[in-house]
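Given below, in the form of structure tokens, are the structures.
The following pair of complexes shares a single chain, chain A, combined with chain B in the former and chain C in the latter.
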Partner chain A sequence: MTMSAGDTLTQDHAPVEDVGAHKGIEGRSLGQIAWFRLKHDKIAMLSMFMIILILLLAILAPLITKVLGVDPTTFYRAAVDPDKGFLPKGGPLGSGISGDHLLGVEPGTGRDTLARLLYGARISLLIALSATVVSVVIGTILGALAGYLGGKMDAFISRLMDLLLAFPQLILLIAMTPVFVTLLDQLGVPGTPGRVLYLIVFIGFFGWPYFGRIIRGQVLSLREREFVEAARSLGAGTGHVLFRQLLPNLWASILVFSSLIIPTYIGTEAALSFLGVGVVPPTPTWGNMLGDSVRYARVDPLYLFIPGLALFTVVLFFNLFGDALRDVLDPRGSR
Partner chain B sequence: MTLRKNAVRLAAGGAVLALTATACGGGGGSSSSTKSSGAPKGDKGGTLNVLLIADFEHLDPQRNYVSSALNFGSRLLTRSLTGYASVPGPNGSQLVPDLATDLGKPSDGNKTWTFTLKDGVKFEDGSAIKCADVKYGVERSMSDQITAGPQYAKQYLVGGDKYVGPYKDGGKGLDSIQCTDDKTIVFKLNKAIGDFNYTTSLPTFSPVPKAKDTNIKYDDHPVSTGPYKIQSYARQKSLVLVRNENWDPETDTIRKAYPDKIVATFGLDPAVIDQRLIADAPQDQTAIMLDSSIQAENLASVLNDPNLKKRTAAGLDGFVRYLAINTVKVKDLKVRQAIEYAINKESYRGTRGGADAGDYATGTITPVMKSHKDFNVYDAPPTGDPAKAKGLLTSANAMGFKLKIDFANTPTNAKSGAAFKEALDKAGFKTTLNPINPDTYYDVIGKPKTQNELSLAGWGPDWPNGSSVIPPLFDGKQIVPEGNQNFAQLNDPEVQAKIAAANNETDLTKQAALWGDLDELIMQKAAVVPLIYGKTNQIAGSKVKNVYLHAFYGELDMAALAVQ
Partner chain C sequence: MTTPSSTATPEAPKQTGDPLLRVEGLRKYFPIKRGIIFQKKVGDVKAVDGVSFTVSSGETLGLVGESGCGKSTTGRLLNRLLEPTDGKVFFDGKDVSHISASDMRPLRRDIQMIFQDPYSSLNPRHNIGTIVGAPFRIQNIKTEQGVKRSVQELLERVGLNPEHYNRYPHEFSGGQRQRIGIARALALRPKMIICDEPVSALDVSIQAQVINLLEDLQNEFNLAYIFIAHDLSVVRHISDRVAVMYLGKIMELTDRDRLYQEPVNPYTHSLLSAVPVPDPHKEGRRERIILTGDLPSPVNPPSGCVFRTRCYKAQQKCKEEMPQLLEVAPGHWSACHFPEEKQLI
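Let's look at the complex of A and B:
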């Protein structure tokens, strides 16, 4: 793949040409080129490192909290002051930060903020990542079908996407929650697992049209290319063309889109938990931590700041990484 | 009892709780209860400013049903047949005659109640208040156009359920309200009610002159019978009251009417109300808060400052917060008793801000009522007694008993729910939480079929007697498929027989004792876990006198406030 005028990140040029001159001409795959360029993008590497770190922290939450001797649901009564309205005892800015509670405790209960933050990350990331998978799978299949088959199929899928894009998702989600939660209850998936499943399916389902449109556009241009015509003229079926010929050319878009949509979904999950349609207490998520902390903004500002910072960090690094990935994989994409 | 309207009051209570719960986040030391310095005294004159979050829902007496509006309307503008004394402390919930000469005379086995109007009581236009005006007022409360008010008249009076109100009855009126002469009014009830005179304290029983009735527009200018009349009323903005020259203090033992003028300002942020009253700038020195309480971030600093604390009033808000045990789903008394011992009230109260949120409750009748009885059926510390709970659960062969707790999904309730779960699981239960959308909470748990084992609820009575607590919450006959309020779903013949007996007792002192005994009996049957008697803190400007919380209204007493 050649560099095009559309690429605006000039610092990317240097390493590629540099190395090329040094090592001489060598056949390199698209993946190798991309990885090479990614490696030399400092922001990309930093955000990748941070994302891996956050994922590790979330996955290892039970282990970390065990080592620290804290638990997300235990009420640490010694850490709150019954004479001062059960606000955290001591610590900077009334946060209750101490050797036992590295990020302080929750006002009113004394539950450990760090433990709740780590366990909250598990739920937030699980929902965001899974919903992304749902969006990407549905979006790729339907988008590719619409683009490749054209005609009535295209019209039907495109109108469906328009319809879903026009839906006020958040309001619908809030309105539908009681209905679906009861349904899941009856199907034997009660409480938090049921709500998590529901959020994944719902967020994922309403997100796919954004992606479906991009894929459809890509396929529309790809299907006129020579290699597709060659495959068809050799008698390849729709399935073969879609998955063997087109899909490999779509990977770049899929990766870029996924990394950009994950932070959006993290935000959506937080917003929903903030509004009280999220998981069932006492399961923590960043959204419900933020929802509770707003009232304590004056007396315990760090309690608001900590989950806010966590959300900010994750969203920022996923976005930065997504941007970098787009520059690397899809140099023609405009900013 | 009117299910829907009480639910409204319940919901309003929820809002009050939200305010007080926030108010308590900052928490000072446990504050002393209402100062009890005898009858309030003050100087006449001056202007009292009332700073409010929102306009009153209704001042039309037949539509007035929400705390602050009740306090403001009943204490300043619209008198009823009976009312409540304006004194600090628990005596404030003492029933006293208002427009009537006495507390009414029951006859015919408590099915007929006769009241006599005082001499010299007048409307703001100088015309004398006659029996026909009271009759007309009660009749209009039954019209479907006069909404949002209590519906007791419709339920209690003979033929009330079928009566369509004075606008559509073709001038016939309701026969069960009789005027034997201009001064004497007789109510015929469809059942024996020994304390009907508590019901007549509601503004439903305020007189309305038929000629001045403007239907729903009456809300903007109810014709005053009290010490003040409306001078101007800009909805959502401000309300100005001036003296009603036709009110004779000789006829009124309740209202002190010290200020010459009362100005209410609506649409203020509760934080702004706090700041203005704390700052005590000259124009706010004669101001009070009414529909808000001191906010979380300010409470600690206010209560720790002796100069500010002097200007505050702390006390019970009249609400009881409790966890109803669904006796249909939790049939075994031992399991219910185990729940009583397991619940950690200290940690529940902590999630609402500690001691400033309320006092630990042992029954459902709050201590500000005469019917309150001091007892503690489950003698456990506030932190609960998990060992005893475990023992009961084991002896009932019910270790791992599954409980699901219904609560309105607010951040504070989510923490309270977690506190219940922690305590119950420790005692050997298996608890899950069921957060429900706050807007529909009481509708959802009001369906007995789908209600879960435990439901978090609050109750503020319509009048300060056990008859407004025990029957609506525990009478098995009042369990309905939708809009149910008997959240314990208690359907117990012994309780029902005693409710009937208490309802039929005319001697209010004796009746109060009967309600107290019933409260204790219901606790022995472990139908609810009483959590706290809610508390509230209000503050007034430095030139306001007689600053105390009224035992029934749970707010500063509008009838007694004075300015220097």
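Let's look at the complex of A and C:
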């Protein structure tokens, strides 16, 4: 950086014949610079590694469980004790942890906790990531339109955002779940996939105003920059200005806020499943595991602790990564 | 208040030959709105209020005046970044004042613009190749040697290293960035370039380089410049003719030498008397006109002559009657009831 800056400064005073003397100096895009800075940030690299690890564990869940010889839906009757109300046999703190069941079994049914945790991660992450995509796409398009076009369009979109943010979405979600799940069932999307789809659309749709406001604010300041006028004076239309001129300047915000929204949505999904309006057993998610484990908190505390720790870890590392990304991509940041 | 009075439209100063650009009674009023849902117009900011001038091809017209006098708005009206409230802009004989964006598109090849702030006029996420190549892409023009080769030729022409094609704006200094902006404006071989304070953000040493580059390019491509600036010495250096603006109106318009040596408008007198003179003896002897008061609001400009509230010669007539832009000598136009020749520099 410093080398090329000094080099370009001298260029202005350089005689004409010097032009071409600096061959072979490759321009570095802001993305390359950001990656370079990210690589030197230990927390960013650790959280990125952890996120990738968790994603891999979720993706490879069928393979891992196969290797371990467990299954998320099988009732391992041998691992629970029918005389003690089907609590897990043995293991520290009555968790049933053993060589066969590395993280113990579910009290009552005897389903393997590790298998359910891995399969639960698939559902939880699928919902959180997809809902983030829904929010980001709607939020970016509507936020950018509101910010750039202004006037009536801005007033309309901004009031819509206010309306959605003020909406009692949790109550609506609880009330509407049976209706929509039945409706989706009739449309040929059965039970669990229907509930997953419903959660993605619902969380994503009610989440976009938060994102849209950030994008609108960014576009409001960007559209006053002269490069927008320059593009317009060359004959560029609204589409060109929005997608070619403004969007490249929004990527940093989009990335940062996406990585901060993902953990929120993981938490939202867990909360909804915990309340019983999300995905329901036998399909495991971290939320319904937590909801189930509360009943056994005194006799089998590890069963509550394990999915809780998983949730905590994922949310923590996504947040840390989002913060690091903001530091790296925002040139006015503290660094 | 909303209907511009017809008496305020001065006749466009005539010139021999067909001018490239002819502006007649150009006005831009920005409405001031109150209310959240039911917006009511409560007034207008009269940014440009009845401006007329012509520019021939290959000529440089300087546009000077203090901040907020409507210079930049005038520039943006000429290339239709803004739509005029009233008045006409003829470019190459064609009325462009109200034509649609799609009709304006082909004309944009002939009217280009150079911006004031070299740090915000280049998209920080685009490399130089993309920025200077944008005119070709937006206008959908295929060049013989391909866009990359054309861009490199342009970069070379404005004194930049064509090898820097892949570099990003943050890797360049202010002067170099302004050269990139010039290369972009030059890409489509325009007939006219609107320079909106192109050097006011640069160091003095770099200013001279950029001004010289603009002059070279003018000679090479027979460009017409509208040169908007508030630096009187820069305008004197580059302009053929100069228009002095105050509160949305042209106060005086004439040849460069005449304006600086024999100005007749009291506003021009006060502007020129504010320019420091390097010779301390001359500086001590010369008369300084110090304006009192603030620039009046363009929302509610003074009646009659807009300059009367600060003018040292103001009389009752100035309050009652708006002075017209009249030809006081051949090619010398001034809007004042009491013109007087004065030597100030």
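Here is the rule we go by: the second predicted complex is superposed on the first by the 303 of 335 C-alpha atoms of A that agree within 3 Å, B and C clash if a C-alpha of one lies under 4 Å from a C-alpha of the other, contacts with A are read in each partner's own complex, and residues count from 1 in each chain.
The rule is simple: contacts are C-beta pairs under 8 Å (C-beta built on N, C-alpha and C of every residue); 3 or more make two chains touch, one makes a residue touch a chain.
Keep in mind it's a predicted model, so treat the numbers as computed, not measured.
Shared-chain residue A:G235: touches chain C; no touch with chain B.
In the superposition on chain A, contact of A:N249 is made with chain C only, not with chain B. Of the two partner chains placed by the overlay, only chain B lies in contact with A:P282; chain C stays clear of it. In the superposition on chain A, contact of A:G191 is made with chain B only, not with chain C. Contact residues of chain C toward chain A in the complex are 37, 76, 79, 81, 101, 104-105, 108, 111-113, 115-117, 120-128, 134-135, 138-139, 156, 159-164, 166-168, 170-173, 175-176, 181, 184, 188, 206, 209.
Considering their complex, residues 4-5, 8-9, 11-12, 16, 19-20, 22-23, 25-30, 155, 225-227, 229-237, 240, 245, 248-249, 251 of chain A touch chain C. Residues 22, 24-29, 296-297, 299-300, 346-347, 350-356, 409-412, 414-415, 417-419, 421-422, 432-438, 440 of chain B are the ones touching chain A in the complex. Chain A makes touch with chain B in their complex at residues 73-75, 77, 80, 82-87, 106-109, 111, 177-178, 190-191, 276, 280-282, 288, 291-292, 295-296, 298-299.
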